[in-house]
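Pasting a structure below so you can have a look.
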Amino acid sequence: MINNKRFIAVIGGGQCSKAEAKLAEEVGRELARQGVILVCGGLGGVMEAACKGASSQGGITIGILPGDSRQAANRYVQIPIVTGIGYARNVAVVKSAQAVIAVGGSYGTLSEISHALQSGIPVIGLNTWALSRNSQQDNSIIPAQNPTEAVNKALELATDQ
Amino acid sequence: MINNKRFIAVIGGGQCSKAEAKLAEEVGRELARQGVILVCGGLGGVMEAACKGASSQGGITIGILPGDSRQAANRYVQIPIVTGIGYARNVAVVKSAQAVIAVGGSYGTLSEISHALQSGIPVIGLNTWALSRNSQQDNSIIPAQNPTEAVNKALELATDQ
Amino acid sequence: MINNKRFIAVIGGGQCSKAEAKLAEEVGRELARQGVILVCGGLGGVMEAACKGASSQGGITIGILPGDSRQAANRYVQIPIVTGIGYARNVAVVKSAQAVIAVGGSYGTLSEISHALQSGIPVIGLNTWALSRNSQQDNSIIPAQNPTEAVNKALELATDQ
Amino acid sequence: MINNKRFIAVIGGGQCSKAEAKLAEEVGRELARQGVILVCGGLGGVMEAACKGASSQGGITIGILPGDSRQAANRYVQIPIVTGIGYARNVAVVKSAQAVIAVGGSYGTLSEISHALQSGIPVIGLNTWALSRNSQQDNSIIPAQNPTEAVNKALELATDQ
């Protein structure tokens, strides 16, 4: 039964360090343990590590892909969504989630963080971007010290749009 | 376990006749009986009827929504994908499926049929559009006489892109 | 001065017959003569022929491209719009126009015709698709006998959304 | 004659301070003086101020709109592109430019900055976001002290993708 599940996105680089992969995998495991459906961009790096973690605990994983083929999905994606719209799919990744957990990441991840904040979707950060505007710090990205704290904060703040 | 499932899209009007709803519901039921995951645009009419049928048999339903809110999904959608890209999401509906079943439908449905055919994804039709080009019939939409035949033809022709 | 110009889209195959190219080029010429800005998908075939015709008369040409590079635009596109969203850009091609002229075309063109009709944007056809639904002809595509008639009908029916 | 023009995007809030509007208007004026075509998101605030500045010097202005209607364009947009894809159009705004000038801005602007940097398109900043990642400053946004410097840097760094 999938009804009434919560959806959390995990975002981060398509390539990542071992430390980031370890964090993302543990985020995925914890999401699955708490019965949350994992949404991601469906590719490698942080996305694959998170899906691997979730799958290991019997969780459900959704990969919203940029290209034209489901073959591009990492092997732990159970539900590939094939958008064909390139990086514009970043908008769909965050909008399909009730909260977002960012692990590391480069400019693609920053675009997802931005789209989430623009839509009022909470963003929890693990070793990720920090923002300031006109020399004033912007504290919209909520820091977490570890994967469990990240998942707990995400679930606490999850919104329903 | 969701791995290795097949994905079939059911497309049709957001408003539809009772006869179309009955067809769509039976398509949904038959897809679920055969263990197929149902993809649709997530709204009312044919989409809702198909999701209702699939849900009644314990099937999984995905709704790829045009707007900014999961609240717009019909109540039988278990996995709402929130794209925020309007009717451009029609491309994602068909690309996320290995075959498409069209039930009735208006111009939005015709755009989905077109995008599917453009991408080489088979389209099965139940009381839907017929096409001709330069006075020559185009037989790309494969007709089915009833929901079971439509599902069987879709599964037979399902491609993996 | 570009203000208060009308915008008409010319749609058709990225590859086309010589007869279609001739029609499209004459449509482009006539649009430019009447001071209309030409919108198209920016690639080859009918799009290139229409842009060539418009350019030869000093008209302005806009190419709304599917990919990530302006280099893909045909040489007669003066204003390349780089969307990066693949065939989902078909929606933007028709929505950016007040009427659409279809010359020949395959399934991509049919998707543009469908998106236009769904949005209430008039479609004029030159040797293009014909539609029927549930065995009833659909006369939404308005036929024209030649390029001048196509342009005149498009301007007469042009809507402002 | 529009051929061989350069395209620069001006991005910033749909609502903005008077100081930001003044900066944006001067950026628009300077772009037009240098014969550059202005690309923007087509709405109010910084976008409108930049278009106003460009128009006052006889420049060409393109507005790539998120919604379904050209009526949403500010009055200084000469070429409205109607995408219907919501904030996913932010990708098209930056990809259609050879460099981007950010004036102030909120999370939508930050998403555009991110998409530009992800695509290798130079970003010049006037009183806008500053970035750091894992406690290290990221200097990808090139600061400018005033509108003329912003335009000169943008033209110097303009890439052709």
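Going by the order they are written in, the chains are A, B, C and D; count residues from 1 in each one.
The rule is short, and it goes like this: contacts are C-beta pairs under 8 Å (C-beta built on N, C-alpha and C of every residue); 3 or more make two chains touch, one makes a residue touch a chain.
Quick caveat, the model's predicted, so the values are computed rather than measured.
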Next item on the list: Please give the intersection of the contact partners of chain C with those of chain D.
Entry: A, B
Checklist line | Classification of the chain B:chain C interface as same or different, half of numbers criterion | finding: same
Next item on the list: With centres defined as the mean of C-alpha atoms, identify the chain lying farthest from chain B.
Entry: D
Next item on the list: With chain centres taken as the means of their Cα atoms, state the distance from chain B to chain D in Å.
Entry: 39
Margin query: Counting only Cα atoms for the centres, state how far chain A is from chain B in Å.
Written below: 28
Margin query: Among all residues of chain C, which ones touch two or more of the remaining chains?
Written below: 68, 84-88, 91, 119
Item checked: Touch list for chain A against partner chain B, complex -> 2-3, 5, 37, 60, 62, 64, 68-71, 78-85, 88, 91-92, 95-96, 119, 160-161
Check: Which part of chain C faces chain B closely enough to touch in the complex?
Finding: 85-88, 91, 104, 106-108, 110-111, 113-115, 117-119, 127-135, 140
Notebook entry, point to check: Taking the complex as given, what residues does chain D use to touch chain B?
Noted result: 68, 84-88
